[in-house]
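In what follows, structures are represented as structure tokens.
You will see two complexes here that share chain A, one where it goes with chain B and one where it goes with chain C.
Presenting the complex of A and B:
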């Protein structure tokens, strides 16, 4: 018989809990200091989607996102966590408004950072216009919060990855941490195949999907700043590390980011596959990267570098 | 979608002091249960919105069995269901009662 959960230290529980498998609520409970989460607009307020009923679809009381504030290693943070299993974590009207409101509150306060636990396929198709508007509002809110001095950190390791408008919002963040199963892109594999054909992208080739959109590639390209192993404690430590690293945001930083991206395109624009990029980056056995365990991969990624502290 | 509502007289008040708790996620074959301590001690209510239409009798049996086994007096259960099987429903209801019986808010 194993010990009851309450007798296990929080850090141990967080270390043994897969971020990928956990619900949004469990991720927040274990990511933050124990018992510190205070939720805004919780499920008891039943602020559900006004659109799903029209499509005869079930609602969720929190519309698939938990927003609130808590403490991380004693310091206050705002948090948002998407639930990737409810409608693929997709952005609807209420879901988006909760994140926009949180970011605007952070902008007003100016000193409390925001952690966004992305887990999303993008816009909820049943709420297309409201969802697209929500993405635009959130992107603006992220940039306004950053301009006011707020650090906005994205944590990506959920089953729905971070796609569509979620990928755009992630691109606006101060810094990102990603795990191997956390994928970051705009168009998903099936979308690319549907629009451009199987010759362009075979969505059933899982190895191709993973090495093109998966966390390892995003880290090696410098799109993500820190690679986390798939457990909640690793994401907690990644968030703390990034909060310590992120510098002030302004025009200089945006110009540096533009230069970084232009340089990346110059270096790798002609590559046909992620493995070609890794080889061009100087990784001797690029074929073996997908098989590397997390600790060996982190050592490799740190050697390659490719994250710029002056950019983003 | 189908809405169902059940009310049962209950032997005893549910344990604990928490005001509310939530378990589960609305997904295919899964459900969320929001439980709130808002009723008189001798009553229990269950309100269900389900994507699977026409299973009222099964719900009635599952809820009846649950109330008999756990005596959740004073609790109101609100369920959003994505077509969960009866055993999953029983499990989530039991988790909800256990969660609201813990210490905390």
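Presenting the complex of A and C:
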């Protein structure tokens, strides 16, 4: 089938734009149908953090997150995109409240899915209590939306990864798509090293960081269902694929998740490194996984990797 | 201290045991209702091994019991280790929170009781995933401790302590979290905990999350409720 001519150029631009390098706004512009984004409380409203000035830190007019409504292949979606280049995409009071409000509306409507483009180091330390509580409110709002039938899809491939409470929110989503640089974890490499020593985790060992927290490991482990190449078009296609796959949420999902996670501990709990887990999963040349190009990795993951579908 | 707290909460007896930092069990309220009890003790870090036992305890009870659920918290932060992150700690902590939220919104009201320390991911997966979070005097929640904050913000401890006097937004402590709306109430150590628990259970707030409104009322978070409400309204209009 031939795409209408007007759609060709945006798709090509999306294909040639690195999700990792792009800003939150560029990601949304290229992810959604061209020109469809309507932002809520955009930078023109200047709703900045009321707390950063206590620390003489610069504010940003959107507090580092874009929330709004758009269309994906013609269908309505709510979107939220964190800007990892502003305070590491961290959750503060205003930043978090925007996402909470979006999720509460989605819950009331019940049929419009939510895409969350994570790019976050976790709680914004300068407003740590407000940020932590915002994350708790978002987690509850995600689960209430899902219980009302809303699909909440997380897309992870930004500079700041998805750390701290961001990792917990991601764990609440209906499904995740992740790219290789899209790290998902609670404690960051530096935090583990600072607290437990370089023997526990050498944060400067980038290969160790990628294979412990990076997208390939999360895909093989079943934490993410779809692996995307690092471009916006791939994330768009991943979002569409996941929207088609996600089923309704209920108690059976939580029971299945309990079994899935307990099974993971039984199977891999004694593994010392991601390479050991991949080998145990049946990958003959696990050492080669970090070097595999995206298409070969996706083929491998589809053959061997686990999924969390119906069990999260 | 935990033994005294449990004895004061459940004078009619309980089957609550503590094993490797994890609290599991149930107890009978004076009304005769069984309350499921779980939690983290002894300032234990919440890792994958602890989280899976706690979530399993709640899931085993769903469909079998009908009473409310108590989550006792004296934890470290999440366990910071290569192994826990390798195995997907974020999923285990999220799963525990999800199970608690699901129970709460499906007829099993959840109450968190913060009686010691807690921080970061451990607090999100336990106390902050309950409907009502209660603090006991002396509890020491800290999203981030001040020395670590000093390191990140490159400010002196003195400067941070000075700033903390004028705002509850970043500094550790029970009263700061109460002002934010995270901790609903602080109980008294002088009165019977059983009396205070039963008073709460007969007058339980609705399941709807109202922590942002509480934070506004108490002056700790002036913008969250309004921003969330405005986004919600705009989103409902766009259809």
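Assume the second predicted complex is superposed on the first by the 302 of 312 C-alpha atoms of A that agree within 3 Å, B and C clash if a C-alpha of one lies under 4 Å from a C-alpha of the other, contacts with A are read in each partner's own complex, and residues count from 1 in each chain.
One rule holds in what follows: contacts are C-beta pairs under 8 Å (C-beta built on N, C-alpha and C of every residue); 3 or more make two chains touch, one makes a residue touch a chain.
Note that the structure is a prediction, hence the values are computed from the model and not measured.
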Check your understanding: Following superposition onto chain A, is the placement of chain B relative to chain C best described as a clash or a fit?
Key -> fit
Exercise for review: Mind working out whether A:94 is in touch with chain B, chain C, both or neither, as first, second, both or neither?
Suggested key: second
Review point. Taking the superposition as given, does A:133 touch the first partner, chain B, the second, chain C, both, or neither?
Key: second
Practice item. Return the chain, chain B or chain C, that is in touch with more residues of chain A. Key: C
Exercise for review: Go through the superposed model and pick first if A:86 touches only chain B, second if only chain C, both, or neither.
Suggested key: first
Exercise for review: Scan A:271 for contacts with chain B and chain C and give back first, second, both or neither.
Suggested key: second
Review point. Taking the superposition as given, does A:230 touch the first partner, chain B, the second, chain C, both, or neither?
Key: neither
Practice item. For A:254, select first, second, both or neither according to whether it touches chain B, chain C, the two together, or no partner. Key: second
Review point. Least CA distance chain B-chain C after superposition, rounded to whole Å?
Key: 15
Exercise for review: Go through chain A and flag every residue that touches chain B in one model and chain C in the other.
Suggested key: none
Review point. Can you list the residues on chain C that touch chain A in the complex?
Key: 48-49, 52, 55-56, 59, 62, 78, 80-95, 97-99, 101-102, 105-106, 120-121, 123-125, 128-129, 143-144, 149, 152-153, 155, 163, 166-171, 176-177, 180-182, 209, 211-212, 215, 220-236, 238-239
**Study point:** Footprint of chain B on chain A - complex, ascending
**Key:** 23, 25, 35, 43-44, 46, 53, 56-62, 83, 85-86
Review point. Can you list the chain B residues touching chain A in their complex?
Key: 1, 20, 22, 25-27, 30, 32, 34, 36, 49-51, 78, 80-82, 104
Point to revise | chain C partner contacts - residues on chain A that touch it in the complex | key: 38, 40-41, 47, 50-51, 54-55, 67, 69, 76, 78, 93-94, 96-98, 100-102, 104-106, 108-109, 112, 123, 125-137, 139-141, 143-144, 147, 164-165, 167-172, 184-187, 191-192, 195-196, 200-201, 212-213, 217-218, 221, 223, 251, 254-255, 257-258, 261-262, 264-265, 268-269, 271-274, 277, 308, 312
